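The structures come next, written out as structure tokens.
Heads up, the next two complexes both have chain A, just with different partners, chain B and then chain C.
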Partner chain A sequence: MSMRTPLRPLARILKARSSGENPDAIERENLRLRHEEMRDSTRLRAEGRLLVLGLCFVSAFVVVGLRMGQVAATTPEEPRAVTTGTSILAARADILDRNGRILATNRTTHSLYAQPQEMIDPLYAANELVKIFPDLNKERLIRDFTGSRKFLWIKKQIAPEQQQAVHDIGDPGLLFGPRESRLYPNGKLAAHILGGTKFGREGVMSAEIIGQSGIERYRDDYLRDPANGDKPLQLSIDLSVQSTMREVLFGGMHLLDAKGAAAVLMDVNTGEIVSMVSLPDFDPNGRPTFAGQNASDNPRFNRAVQGVYELGSTFKIFAAAQAMELGIMTPNTLIPATPPFRWGKHRIGEFEGHNYGPNLSLTNMIVKSSNVATAHVAQQIGVTRQKEFLKSLGFFDPTPVELTEAAGAKPLLPPHWSELSTLTIGYGHGISVSPLHLAAAYSSLLNGGTRVTPTLIKHQGPMPKGPRVVRPEVSKASRDMLRAVVAEGTASFGDVRGYKVGGKTGTADKPRENGRGYYDDKTITTFASVFPADAPKYVLIVTLDEAVETSGPKPRRTAGWTAVPVAGEIIRRVAPVLGIRPDIETLALAQ
Partner chain B sequence: MTEMVYGSISVSEGEPVLPRWWRTIDKWTLSCVFMLFGIGILLGLAASPPLAEKNNLPYFYFVQRQVFFGSIGLMTMIFITMMDPHKVRRLAVVGFVGAFIALALLPFFGTDFGKGAMRWFSFGFASVQPSEFLKPAFVITAAWLIAAALEVGGPPGRLYSFMLTSVIVIMLALQPDFGQAALVLFSWGVMYFVGGAPLFLLVGLAGLVVIGGTLAYNGSEHFARRIDGFLNPDIDPTTQIGYATNAIREGGFFGVGVGEGTVKWSLPDAHTDFIIAVAAEEYGMILVFSIIALYATITVRSLWRLLRERDPFIRLAGTGLACAFGVQAFINMGVAVRLLPAKGMTLPFVSYGGSSVIASGIALGALLAFTRTRPQGEIGDLLIRRGR
Partner chain C sequence: MRSVYIVLSALFVMGLAVWAYKENYATQEVLRNVSQVQREIGHQGEELAVLRAEWAYLNRPSRLRDLAELNFDRLGLLPLMPEQFGTVEQVNFPIEEDILSELENPVSVVGSLEAIDP
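And now, the complex of A and B:
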């Protein structure tokens, strides 16, 4: 920076004065010089800054150009009315059976909506729409189409042929949105297990599918979780077995004129439910609405899980097993059996007034199904020990199976568990449980004596053994008794050649709906079976509601004539599918 | 002989007006302006019929109006380019006073055409937006004030111009017309910058903007949502921006074909704020790049010519006019591709609008008048002053 020259440098002024010049000219000259210097400096600065500005503009326009090119290089998307909010994930995982066959999957259908302001001929469109969908109200459609509405749903889900028909109307204001919908390709098979789905939040481009009942609802979070990467949910159900079992049960139910039926086939070692049928059933692709009075008549009612019944004599094996487990009896211990058994003013008799003689061995008590002998055994066991044992078999709590409905199916226990309760519960009266409860308890008792938990999810890897309920010897003795029931007792129709079926029948009079006593012409008949009895693999429970066999002179309503032949037919057809080898050789030798 | 010379009318020594004009004018910029106007008419032929149809007007009603007002605008521009810069300044200051009064009277006599902002005077057959005319007049007036401050012993013109700017920005913001307010502020800013704003002040201002922006983003949820919405890469395809983006995508590099575009039917502002989308859809990137090149040429070439200018007033006024013009084009196109948040701003000479095209004509006329080649006293420097 140069030194600033003063405008009136004294030396020059004095010199000018002495020479007679006007000193003001010097000041003017200096002022001009200073001014020019200043203008030069500002000009240079301005030049630099103008360059900067120019560069800024060049780069700004280049950026706009690049961005334009970038946008132009991407593909356009169709403008549609989109509901605001987060996008809906419609993908739902498939459900498979234990062999990987599809039980539930998704397919793409379409919803139909209208944007009236885009419509060309609303009256014609309304007219044609009513032809395709007779349930639509024409006047209402015309009002909506010609009013001020910008958007309206017409149908939440339409079939492909309906979509084509709407397409043929050719109105640009009628639009389709993709809809994933749940498809159950097997129809009614496993309907109660799968349950069903419904639409949740809806947008134009997709709708949320949420589980409504069954495993669809119980595992809804898993099925909807995108983090699973569409990994399917694999059930323990075997579709072939399910199909066979439903077919036989359906036939049996109609032959025996029963109003309902349920069957559970369970793996004794793992608790996996291989098949579970409840009749009447429904098609989960279009869940029916039910207007009846009695909830148990609803086809959506799962008798195997939700239905709690007095399952009768099938419970006797628990009394026998507990007596052996406690060491107070062996299979050959003789038990008084003369009816009636008196307890206070109550009398316990045998079924249809039978009399099985003064004494019965424990085995024969089961084979003959003696109420009196069982009451004696139960009396010896006592209230506390019986409660403990039944609790350890899972009869006190709802089944933990993976169905939403299961949690609501609490067993009905006596409010005051008196000694009389213990006596009747010994032969299966005064306690109401579901067929699934019974299947789990039979499995626990007969698989060698370790508790199993019923499950619908296919089990992977080795199964850890549950807590022990009885000793292995007791388990074996129980199986032998059950085998004897089929071989020589009340369940002879269930003896399927080669499969060594063991089982126990149960016939219970149906309680009246008004709660006063029992019907004498309506029964719940049950057959709880295990096969093969020497090396148990599966437990099968079959329950028929109001079944009656009319081939004889008198209508027969006992389990031996109803549930047992149905169960026998199921085992005969299902055991080969399950890969159980019939023991024909030893059979032939024995004869 | 003597009779023939004596007493005759004195002949001016200089060149005739038109040849001199043609020699000294920036012919490139002039051609670019004409081309832009031509493109504007071409696009108007495509973009405005839907609007005319909606209002039951003749098919090319808006095109005819645009041709009419555009001719007035271009003639005004040519007329102004022929003026002496000092005459331009004188007229601009007078015009500024007039426009300023008109702007001040808007709240009392203006109409908002149902758009919620008092911006127009309605005269039946046409409406006038005074802020459009105020802009060039303001730039020239402010340049005059700032330049005056550069004289030794001159008035504190920077302060005056700043006060003037503040008043106008507040008035425009109250209309509300934030776009014009921002433009006015921006043009004053560049003039102050070129006119010698101290560097530390610039750095301080930049710091203030960063700090203020951060505080606003953290403190105000509304502001934060606006910014997040702008930064969000997903575009709702039913908004104006969405339609514009889709139109650009549809067009690709070669366009869908003349008259084949659809965006003009969905966008209410297809003939004004989003005309670049119509251009992109029907003619593709080829035309868009040409338009960008034309604006860039006008802006950068004017700034380049101003580099040689020695008169501080002409330099500043030219800078202000060129930058206002360039930045307006930049903002309009930047909005269409979401480089900038949505802001209604016309594309000078291309968008439909009578006020806009005449005001742009005035601004470009003044700019061209300022960038005409004229002696800059370099020889005087060499002869009189110490050479450098």
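And now, the complex of A and C:
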């Protein structure tokens, strides 16, 4: 800032006055100069501001331009803050047993494919491949390799050593794609429960695994959900028990020359299936194909769930229990038992022409397994009430167990439920159910009388009780009757010391395939048991198909000689594994 | 005074720019590390799955049963049987040694009040 010059400097005014000039001219002159000076400085400031503003704009445009160039020049990249490494691998959830041991898991293998146009020596490669994989067709490989194909699968799954051998061929046209595959480390054990898997849609880099049968298919949605990759599915199966039961059942089946066998071990209170075996079985790691005519001969056929059979006298306890529940009978009520029981032109007799007449108590009816007495009881119960009771035990619907096959196994009921049907169903003929149905019904009847739902999933926390089927007293009386069968009746071979086994045998002749009557020499023998009878924990159903015991002078095909000893041995071996301590039974209690 | 403010704020902005630049590179480095670690976790998980599968395969009940049979003379393993459950009374407790009876010529060191009484 320069010194402010006065508009009318006295010296110049005086000088002008003396020379006669107008002093106002000096003032105007000074004012003009001052205004010019002010204008110059304002312009300078404005120019400076414009320059700064211009610079700002230029640098902003330069930044935008540079960024545009950078964006245009670089390769696109996803933000990497969220990296997923593990979830893609091991996508399908594991299946564990109730103690956390692995029943099904995944492993990484490789698939082998070829791009023939990349191949250097197709003939040599084909030659070497056939040496590694003897099941490949050499001519076909050569045709594919030298033809016009650009891509072909050679093997869906190969082992690491095979992969190394293919590497050693050294042909750039042979390529590997990663593959997840399902592994069942226990082989045949629990094969029918697990079912199996197959590849769904396939790509070079991956293939989806989908459940083919069993629980793998039933719970496919859960197992495939990537969110459940680290949340395994825990079954109610106990691997040790399953193994023991299969071993004993397998031995029993071969000893008794049976065609097939099934066994179900169920927790009476929760309905959890602790073990379920069906023989013959298969290896789920390589599911066999079956070309036979009879579906029940297929090793993949789950006899315990899909096999609906007439289970014979095991049904008698239901008639007895219902009679007690309705209050029309007590365990000591006498029932006429003189054969034959006539109904129209039909005659109902006893097994092997026995005669238990003239009267049997309700308990002895079960102990002796009298058809005639049971028919009398069933007649008193009547058609409607019997149907209602059997429905409440779950005999009218497929079992709700978590297996795909279960939904297809509908019980076979008489199309017209006449009084004759009621009589025969009373002793287990004319109704066909699976061993699993029987296990669930026995559990419901004997656990104190509340309905259980069979399940393969391990239950967490307290189980709510199902709807009441019978009164607790009836349940207790039924258990006492079953205990008497084992202690003094047809199932004495099943009396495992210390475990108070109660049970009922059932021997049913197999129906002929042509639907005309029954075979004389082919039976389905069943033993339905509960242990310990005074405080029930488990129900065990054992069914043998065409079993025969030949140690005596003539072959014996009744359940007492076939299914019962096998069941007894299963209980003797399995109960300690389940942690049940044997009790010292007093003689007074047994009688 | 004003020019001091201007210089200071310019320095501050430059400092911020340097900080942002460094943070940017540090973030990229961390992201690279994370993806590296994730990859490692993936590999480890895969390895773990293989080991678990192998463990399950080697411990399958049929193999253990065969091994128990093969090595019966050394191990003497038998299936669990009901007879193997026992009661507490059946367990032999070690007999406590009676040390007092082994002493020779014991001397009683318990005095009586009568001796002190005047």
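Here is the rule we use: the second predicted complex is superposed on the first by the 491 of 591 C-alpha atoms of A that agree within 3 Å, B and C clash if a C-alpha of one lies under 4 Å from a C-alpha of the other, contacts with A are read in each partner's own complex, and residues count from 1 in each chain.
Heads up, the rule we're going with is that a contact is a pair of C-beta atoms (placed from the backbone, for glycine too) under 8 Å apart; a residue touches a chain by one contact, two chains touch by 3 or more.
From a predicted model like this one, the values you see are computed outputs, not experimental measurements.
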item: Which superposed partner A:E36 touches (first chain B, second chain C, both, neither); value: first
item: Which of chain B and chain C A:R572 touches, first, second, both or neither; value: second
item: First, second, both or neither for A:G187, with chain B first and chain C second; value: second
item: Which of chain B and chain C A:A227 touches, first, second, both or neither; value: neither
item: First, second, both or neither for A:R45, with chain B first and chain C second; value: first
item: Partner chain(s) touched by A:L10 [first = chain B, second = chain C, both, neither]; value: neither
item: First (chain B), second (chain C), both or neither touched by A:A60; value: first
item: Chain A residues contacted in one complex by chain B, in the other by chain C; value: 80-81
item: Chain A to chain C touching residues, read off their complex; value: 80-81, 83-86, 88-90, 101-102, 105-108, 183, 185-187, 189, 239-240, 242-244, 247, 496-499, 572-573, 575-577, 581-582
item: Chain A - residues contacting chain B, complex; value: 31, 34-36, 38-40, 42-43, 45-47, 49-51, 53-54, 57-58, 60-61, 63-65, 67-69, 71-82
item: Chain C residues within the chain A interface of the complex; value: 31-32, 34-35, 38-39, 41-42, 45-46, 49-50, 52-53, 55-57, 59-62, 65, 79-85
item: Touch list for chain B against partner chain A, complex; value: 150-152, 190, 193-196, 236-238, 242-243, 245-246, 248-253, 266, 280, 284-285, 288-289, 292-293, 295-296, 299-300, 303-304, 306-307, 310, 312, 315, 319, 323, 326-327, 330, 333-334, 337, 339, 385, 388
